[in-house]
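Okay, so chain A shows up in both of these, paired with chain B first and chain C after.
Up next is the complex of A and B:
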């Protein structure tokens, strides 16, 4: 790319390239294009086709059923329940992870001794596999033998069933996944906090603004892009919750933690109803698309970029 | 020009990489290669590999290769492989999948094979043969058999001053003992049941249903009948222990049973022989499951036989795979495998061989009771393709009752309705 090319108009730059260069360009991106095409795009299209068919994954015949799978979704009480659980989960997990992450990041955004040790410690939960995390929390929250209940009993509170209770299990999974994802939001916020120009703070301090006022009027507005990124990223992940449920409650007790992707997996690989599961996946895809679009639209109004 | 050649070269490399992934297959000359997918690890894995090595040595015209694949996931893997045109030649599959497996066109129907007397098909336990049979097809050859019995902690029984379980125990005796063995202050429970609502929960309930005189489906497999008086009686027993006595630990993870048993927190498990090797810290005993008073004192249990399923990858490989499975499941190899691993013998002739059974019991105390308990397997779960849906409905009903959310009759009626809908294909 010529050094003096206008950076914000990449398409113009590309058009300006010679023929030979575009062939090189295609040659360089073709491995990625082929891999994404074969392992990403093709399955996406094939599952769209599957969602209009009846398939048990076993027999080669997959008759077309039109919109039947989508119609069934609307009448399926378990699917409705799964949507409800997914929404509750997302509504708690996303702000929870962001708040805890911001708090920890603010605490880590200073120069004290061993700060890199603390920062590593904050991120380390991201390195724990979700399955190990699930097993750790299963034992921590065990009704009879868990440390959490031992602590509750020590202060005179009664033992709680946690993951064994239909009314508590989903919230335990929220807490567990916030714990697991905090490291991620800490890293994003820490980077954003360090991008806040120190001179703005200095100038405001000279003008007499307190630390709290400075945080509210300088830091928080400048975190806009980080907030937007986290909201979108965490929401997409929350809507696709699966591993943590599979590792702990398997959707129970009494379907209390059956979220959309878990139910989808259950229908496809336990009940052998792949067409129906594909329809569910596409319903989820549309939901994610709409939510993300709404988030970006809201963000355009409120997020302070550049 | 150079750039264009670079581009072509890259495409060519990619094409090679992609074809290499789909490669495989044996050359026309040389030994016939067959691939066996199994879920054996540790001791079982070593003994199994030993058998395969022996087969390869004795049969130079065949080369059997084995591939470990977690049993839980093997069906998904096999389905993917079948779709991709690279099915294994033999795979270990859960018996509960038989009705679904029967629909895969690439599987080999073994019916015409096993009718040949040299297979000694009748030497397999009836439950195994039934679980491999779907309509007039035989989808596999028995690979494993097990059953459920009471495993109890001898010390906890002695401490509580209770006589250990006897073959004449009724479920009332079982319940009374479990209540006495429960001590909330020590976090100790009389009994533990897997309570995630999966088939693991269901198959603990089903033998109780059978013992009470009930069944899962009508004889023609058209309707659910588990919401009978017998079904309610069996589920009420679970309700009384879980809700009233609180002597039943509900294991929603399905992982904790052997661990809690081994640490003395649970006095009894109803489980199979596979858990015995994990109980190294306690002295345990094994006893057949209780009966319901008035049921005539007949013991029942449930068995979950698994199968070797053969896939058709061309006549030559198919024949080699059939020959291998025939050898693997012949009495001699069954005997070697049971002695090596402690797994129950899949053949009646081996199970009745006292020297084998005594040796197994010496290696792993309690094995003998499990071998003898095979004769108490009188029924099998229905081999209908809707079974996963029926199991799910029943599992949710059982858990909702044990959690005190529902009454047995209501829960079973609702589950029966869901099961009937699944059977009607709605």
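Up next is the complex of A and C:
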């Protein structure tokens, strides 16, 4: 009998792993499949259907209008304006956040006393909700009583209207969101910097390379994957900017901060023009997919991921 | 006094015979002109600048309206006015906001941990019919921005409210939980981690007749606590600070979560800055405390969002 046991056991295990496991597998994934199916996959199809219809979200009649919604998009001056604002915002926010993040992370990448306190102070912006951020920056940049204007006056510069000005508001939102994303980008860069082997730096230093040269030739190339991740992630989030605009300018003044998602929300849930908004959402979806694909394609050429 | 710091000792190069002809380590470390690392002179102003917005919120929350409406600004209130907090608390149903946020976050968190663990384990370990195709299909939802799905999800949630239970429908906190009970990211993240758990441990238990569920709960999950904590941190942060979805489905004050309630409060007290800032501090406090307490997991959750995936 004892000799039989080892021969039989693998057979039992194999049977357990093979036949009958499909039922177990599907049973375990079924809650997730139902939830993601109903709230993640089904809406993608419904949204596509909606974009060919006219719907006010309330009445059950949703007549087909074909490509009408998409055709309207091209002729809608507010949409074109929203695209322009979104592009300007993204083009400033993404590199801005990366530069600030890299700078702060480089400063924090050393072992001095209280370094964990400094790091926590840098990370903490991550925990601040977008609405809190908006309220704080409205107050900081207040044209009459704001701290920023006090600082400007202190160095002899005149007060600025900031969020109350059509020509400045978008840039204030850029600065505000860079602050809000500092914690995130610092964490990413700090993790990447800590992965740079100290021996490489030491060897180069012995060969006489200056700190600046070492940063350019050793550190920067090794940051490639972190850069790629941040470019992709920050761009996706920049194209979806909404909360901070809602909390500060509500798209104004004079629509100067109306970005795509703000306009989309306004069309769908304020003006109840859901079909048109769905078409806008699909346009945004395609743009995000294309940009992400291009970024990965470019990265394959330039980023070393070994 | 010049005190040698532990970090300096750790960073000092170990002298070896092989490197005896190499130049000595940078001398700056030993010849100190300050009793502390000069880096503090960079780090203190830098981190101060980063938290100025938060400090200014705190200062303003303790000022009188007269002090707040002065220019140049009053940098420290004459006498901290704590009444701003009690007045803000009384001016809006903040108790409801906190309770709703806590309830929504708790339900979403528990559901995500359970549902994503079950699915993540199945995708990591069990060979079942259609596994590959199903996994790819679920992961594809990660690429879809929320704006594409939010209008139909609004209609679906409305349907649930009308046909299943009103508590899940529009203008109920159930509507805030329902669409977020499971995420493709959670499944992906846990699957990746489960694949690193040594399969031999599981096989031994399977031979002894333990069921798949038993193996998952008795062996795999206890070994996966770091991954579960990281996913938990990410889920809590996302759920607690979510704004757009609550804005779309909630209009009643007693169903609002904190970010939405704060936004409503802002609309009602537009230029009463001390009151607004007191409300802001109160609304931020729970998340800041959680963040500082579990910082390690929040840091890991950021790193794992993209760098590993």
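As a working rule, the second predicted complex is superposed on the first by the 276 of 306 C-alpha atoms of A that agree within 3 Å, B and C clash if a C-alpha of one lies under 4 Å from a C-alpha of the other, contacts with A are read in each partner's own complex, and residues count from 1 in each chain.
In the analysis below, a residue touches a chain if its C-beta (ideal position, glycine included) is under 8 Å from a C-beta of that chain, and two chains touch if they have at least 3 such contacts.
Remember, it's a predicted structure, so these values are computed and weren't measured experimentally.
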| item | value |
| --- | --- |
| Chain A as common anchor, with chain B and chain C clashing or fitting | clash |
| Per-residue contact with chain A, leading partner among chain C and chain B | C |
| First (chain B), second (chain C), both or neither touched by A:38 | both |
| Contacts of A:253 with chain B and chain C, given as first, second, both or neither | first |
| Which of chain B and chain C A:56 touches, first, second, both or neither | first |
| Chain B versus chain C as contact partner of A:215, first or second or both or neither | neither |
| Touched partner set for A:70, first chain B, second chain C, both or neither | neither |
| Chain B versus chain C as contact partner of A:24, first or second or both or neither | both |
| Chain B versus chain C as contact partner of A:166, first or second or both or neither | first |
| Which of chain B and chain C A:272 touches, first, second, both or neither | first |
| Touching partner for A:145 - first (chain B), second (chain C), both, neither | both |
| Shared contact residues on chain A - chain B and chain C | 23-24, 26, 31, 38, 57, 135, 144-145, 269 |
| Chain A-touching residues of chain C, taken from the complex the two chains share | 5, 7, 10-11, 13, 22-23, 36-37, 39-40, 42-43, 46-47, 50-54, 56-57, 60, 68-73, 114-116, 118-119, 121-123, 126-129, 131, 134, 137-138, 141, 143-156, 178-184, 187, 203, 206-207, 212-213, 237, 240-241, 243-244, 247-248, 258-260, 262-263, 266, 273, 276-277, 280, 283-284, 287-288, 290-292, 295, 298-299, 302-303, 305-307 |
| Contact set on chain B toward chain A in their complex | 3-4, 6-7, 10-11, 14, 18, 75-76, 79, 83, 100-101, 103-105, 187, 189, 195-198, 249-250, 252-256, 260, 265, 385, 388-389, 392, 396, 399-400, 403, 405 |
| Residue numbers on chain A that touch chain B, as the complex places them | 20, 23-24, 26-27, 30-31, 34, 38, 56-60, 135, 138, 142, 144-145, 163-164, 166, 248-250, 252-255, 269-272 |
| Parts of chain A lying in touch with chain C, wherever the complex brings them together | 9, 12-13, 16-18, 21-26, 28-29, 31-33, 35-36, 38-44, 46-47, 50, 57, 104, 107-108, 110-115, 118, 120-133, 135-137, 139-140, 144-147, 149-150, 153-154, 179, 182, 184, 187-188, 191-192, 202, 206, 225-226, 229, 232-233, 236, 239-240, 242-243, 246-247, 261, 264-265, 268-269, 274, 277-278, 281-282, 284-285, 288-289, 292 |
